[in-house]
Amino acid sequence: MMQPVLEVTDVSKRFGGVTAVDGVSFKVYEGEILGIIGPNGSGKSTLFNCVLGQLNPTQGSIKVDGHDVTGARPCDLNRLGVSRTFQLLQVFPELSVRDNLILAGQEHEGTMLDRLLGPRDAGLTASANQMIEFFRLSHVADEKAGGLSYGQQKLLDAAMAFMAGPRLVLLDEPAGGVNLTMLGHLRDRLKAINTEQNATFVVIEHNMEFVMALCNRIIVLAEGKIIAEGTPDEIRSNPEVIEAYLGH
Amino acid sequence: MITTQLNRKTFLLASALLAGGLGLGLQAAQAADPLYLPNVVELSGPGAVSGTNWRDGIILAVEEINAKGGILGRKIELENLDTQSDAGISRAQMQKVLDKNPYVVLGPVFSGSVLVDMALTSQAEVPEIMGGEAAAITQKGSKYIFRTAFGQQSSIPKLANYFRDGLKAKTVAVVWVNNDFGKGGRDNFIKEMAARDIKVVADISTESGQADFSADVVKVKGANADAIFVYTNEEESARFLKEARKQGIKTPLIGETTLLGQKVIDLAGDAANGVKGHVGLSADAPIPAVQEFAKKFKARFNYVNDHNGIKGYIAVYMIKAVTEKTGKFDSKLFASTLHGMTIKPEQEPGILMEATWDANGDIDRASFLAEIVDNKQKIVEILPKLNK
Amino acid sequence: MAAFIQLFVSGLATGAIYALVAVGFMLLWQTSQTINFAQGEFVMIPAFFVLWAIRFLGIDFWPAVGIGVIVSLIILGFLFKRMIVDPMIKHGVLPMVISTIALSIFLKEMVKDFYSSQAQPFPGLIPSSDLNFFGAVISTQNIFILIIASLTVVALNFLLNGTRLGRAMQATAQNPTVARILGIPVERMILYTFLINAALVALASFLISPIYLAKFTNGDVLGLAAFIAAIVGGFNQVRGAIVGGLVLGVTENLAAAYISAQYRGAIPLILLIVVILWRPHGLMGRAEERTV
Amino acid sequence: MIDFLTSRGFKIFFALFIAALLITAPFYLRNFGLYLIAMWLVISVAALGLNLTLGYAGQVSMAQGAFVGIGAYVTGLMTLAGVPWPVAFLCSGLLCFVIGWVLGYPALRVQHHYLAFVTLAFSTLVFLLMRNEEWLTKGIYGLTDVPRPILFGWNTGKAFDFYFFVLGVVTLLSLGVWWIIRSPWGRAFVALRENPVRALSLGVDTRRYTLMAFAMGSAIGGFAGALYAPLVQFFEPNSFALPLSLNLLLMVIVGGGGTFFGPFIGAATAVLLPEWLRIAQGYYLIIYAIVVMVLMLFCPTGIMGLGDRFISHFRQKRISAERAEKAKDMSQQEGK
């Protein structure tokens, strides 16, 4: 059997007496777009943060391409090819769009000393420009990211996640707060990367339409546990899922 | 076209500002009539109290002299420059005034700053009359440095003798403030004690600006010395005395001007009674001229001067006396004349007390043993000039 | 033993002052994220308001104290909030730090240039006499300071935890957005904490100036001590600041007597560093869980 | 006009103008003026270092003055013992680098005001060590007669020579800092300041960059100290007590944190401006304090930020004027 890109085994996270994530296991294979949905407080974000090394899981293990990365720091994880976007806007407002992207790539090759003594753009201007082109940000490439519109920043945020050619991208509510036109645009871009580069995605999302249209497979979390797993169509007709959403 | 013109204008303006601001010093050369007298002293920072006294003493003297027509007919034009109690700034300010080729410079009071400046004044061959009391100042061989008060190397031995002969102390505790003034006094004192076979049983460093002295008094008490030497600045002295009285210390408390000054009495109140020590020059010296000065000072500035006020006042009259003797404004001649010169109040009343300067610039004059009785400094004994 | 008691009790008295100042400091941080680098000067200056009133208005000591309190409330409470904190709050912590550092310079220089650079005697609120206590001598002033400081803290604790107003203030401190939704007049609550801070520093000023003498540089030491007390005790608890203040006062005294007089200033700083690194939330504080 | 002011040509012109002023300074200034400008340059370097730590990487440090002190003492003691200045200079930087690195560790645990107080405490501890460890530092008396360097037979003892020596070294150091800021490190520092969590998720080892920001900034502070020692030739522990650290902090913020020229401007407000405002005498500090408060109120990004704002204000005005013009044209055309 093919080795999964991401393998989460029996991960739990407790805060004091509260169990936010409770024995979750799942696998993601190359080229897949996995959606994780669930009502508010179901533990999606905590799970995400555990996978990304922002939080240490209380128990369980996380493997990327077969390497155990449980408790690894986000920066090391990123260099292994795991990148992410954030629920709230997370760009560097004082850097230009291009510098945001160069930053997203510069730490992946060479040593600290190379970065100090080497070229200013770490040889990344070309690939940054490509990314700018791809996400249709050329007209604002030299502007400070802080001055961009919300949708543009969202695109930039996604672009940064793809800058270093990641194995796996975790998207935290990519559709949140984005208008319809931009949303379609974003979905197209993600699909395009998925098919062109065979990139693997895990998406947390509230917007059901978006998830259903984007993902091949969906996991539903409720109260820290997986209650359902399947294709978008299966999930749509699963009574437990409906129960979990309506029950809240 | 417009922009180039504008730029030329800005350029001229900027260079003018820069040049003017940095004291191009062109005007100094033509300062024909008034006598330029710079005073570089601590007007802010920890030394502000001493520095302000020094400055006000100088202002008083300058106003008096100018009212009577100046020195050899030239009115004094005083410039006060703040060192912010910082040696580096003091050096910069001294460099600045030296660029104007002054006749004599005054200040500063902090010994640390004097030690920095004096290299400049000796290089420029301009006499520097200052208020520092550290022993090291006059041991560096500068021909252009002059004291207005005893150096620690002259005042501390006088005190040490008193510990041996007056108090017959065998053991002594030292409380000192950890700045250049306190450390200098303490080092000299320890040396003099060793020379007189008196044992130092407690050696306590305190901070300048320290408010709570309970720990220090507890330690002094625990040391059970025959006498206690207190060498801190006035305010800290007052706080120490209050705490010492509170904890019931009966051992004699001995100090210098900074323990017996009027300021200490004002602040410490009854707690200051019974304190004894050596004072070089104090507002309470039983000399009419000094008391007259204190009155004038109070009337002019609305506060009671300390010894730094007297030092500043004398400094200006030193210039007057020497210049009237030489008859001209020659810096080198000034320095060589003042070495070995004695100025008597009969010739120059502003000098307040007869004083002599030796070849190093050290001052010699009578001093006093005093005691505080009923919230007043009482002179117990007059100690004559060392070389009479 | 007598020596130890002596050190301990006078340490407590000094510590009580630190605690008062630290509580105010902490309240400001809690309600408005204001790190007040001028807090020490805030303690220095009310004594000068009083001295100024005595000297220039020619009134007696007690009415002057009244004026001192009112002026403190207006300048150090109301105007400080309106003119410095309110417009700055949106710029974040650092500009506020810079601004309060500038304010501390300003207050110091104003007193120095327009009142006096010299230490001033300040009348005691109560007549001073000394009591013997197991061989240690304690002045009534020290005891008075301890009592007043304790009463103040108890009253403050009651205000914050036992009254509607206090709970509203706490809600404001914990989450202004929610507090606003709950209908709490958040702005007014923040103003109250500034007024309380002004009252606390004025009280500390009147308690400490008779012993330490009023001087423009007094704030240097007090401000730092208040920071240390607040951090050592725990930044989010009134009782933390009290414990921090008392621990600091006693530690300073014991360190000066038993460890090193030359390094007396170092011990509280080392204590501070150790506490920050070992328990950043302070000895009494609660840990705040931080999530992404 | 505004276009011209922001154009590359003007920037180069302005830089050349300043360079020309600095190079020709000894020909129209006396000793004091030279001393003052040299002091400004040296303090600027210290502020440049702090700007790296604080302005770029966003790590609050109230200990920069202590590093200047450590640098000055290392250089002072070594050159007094006969070690050539360049060696002492490198040692100053190296020692400060190591100590700065260690001081960075608390920054990994705590931020903002906690970090401010840890560094503040550190700075006071360094002062106490300098004052109390007399065997090493000569204690409160300080170091006197620190020699000025002789480089390849060039004796920099005179004010004229020493000024050029300082100008040369400061230029090299500034270029070094310029390089760091423009390198990927500079970008990583800004990322660390603006959003450490996001930076971490992009592979930026925030831990190492935080430590580096402290170490680099401190080392530059040490270099400034190595210049300070032969400049003033005398110093004592008080020169490097807390007020210097606070002043450097003020300079960086007032000049404009996170901009290359900010520290130079900030240092000018603290070193040169008081000289120009001597008329204000004792009130200088009061005025300075008020100016700082007002500046923070209206422009927390400092004087550089004020300049930016001024320029963009005019640009905006012109753009809207052009728009209005266009609109007018269009309506006129429509009217025809």
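Lettered A, B, C and D in written order, each chain numbered from 1.
Heads up, the rule we're going with is that a contact is a pair of C-beta atoms (placed from the backbone, for glycine too) under 8 Å apart; a residue touches a chain by one contact, two chains touch by 3 or more.
Predicted model, so just to flag it, every value in this text is computed and none were measured.
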Number of steps on the shortest touching-chain route linking chain A and chain B: 2
Maximum centroid distance from chain A, chain identifier (CA atoms): B
Chain ID, smallest distance between chain and overall C-alpha centroids: D
Which of the two pairs, B-C or C-D, is linked by more C-beta contacts? C-D
Separation of the C-alpha centres, chain A versus chain C, in whole Å, is 48
If you average the CA atoms of chain B and of chain C, how many Å lie between those two points? 36
Mind checking the centre-to-centre distance between chain C and chain D? Centres are C-alpha means, answer in whole Å. 33
What is the distance, in whole Å, between the centres of chain A and chain D, each centre taken as the mean of its C-alpha atoms? 40
Any chance you could list the residues of chain D touching two or more other chains? 131-132, 197, 282, 285
Indicate the residues of chain B shared as contacts by at least two other chains. 44, 178
So which bits of chain A are touching at least two other chains? 54
Can you tell me which positions in chain C touch chain D when the two form their complex? 29, 35, 84, 87-88, 91-99, 101-103, 105-106, 109-110, 113, 224, 227-228, 231, 262-263, 265-266, 269-270, 272-273, 276-277, 280, 292
Under the stated contact criterion, what part of chain A meets chain D in this complex? 52, 54, 73-75, 78-79, 83-84, 86, 90-95, 99, 102-104, 106-108, 112, 115-118, 120-122, 160, 163-164
Residues of chain B that touch chain D when the two form their complex: 3, 7, 11, 14-15, 17-19, 21-25, 43-44, 80-82, 85-88, 91-92, 95-96, 98-99, 112, 115-116, 119, 136, 178-180, 183-184
Can you name the residues of chain D that touch chain A in the complex? 180, 182-185, 187-188, 190-191, 194-195, 197-208, 212, 258
So in the complex, which bits of chain D are touching chain B? 1, 4, 13, 17, 21, 28-33, 35-37, 39, 131-132, 139-142, 144-145, 232-236, 238-239, 272, 275-276, 278, 281-282, 285
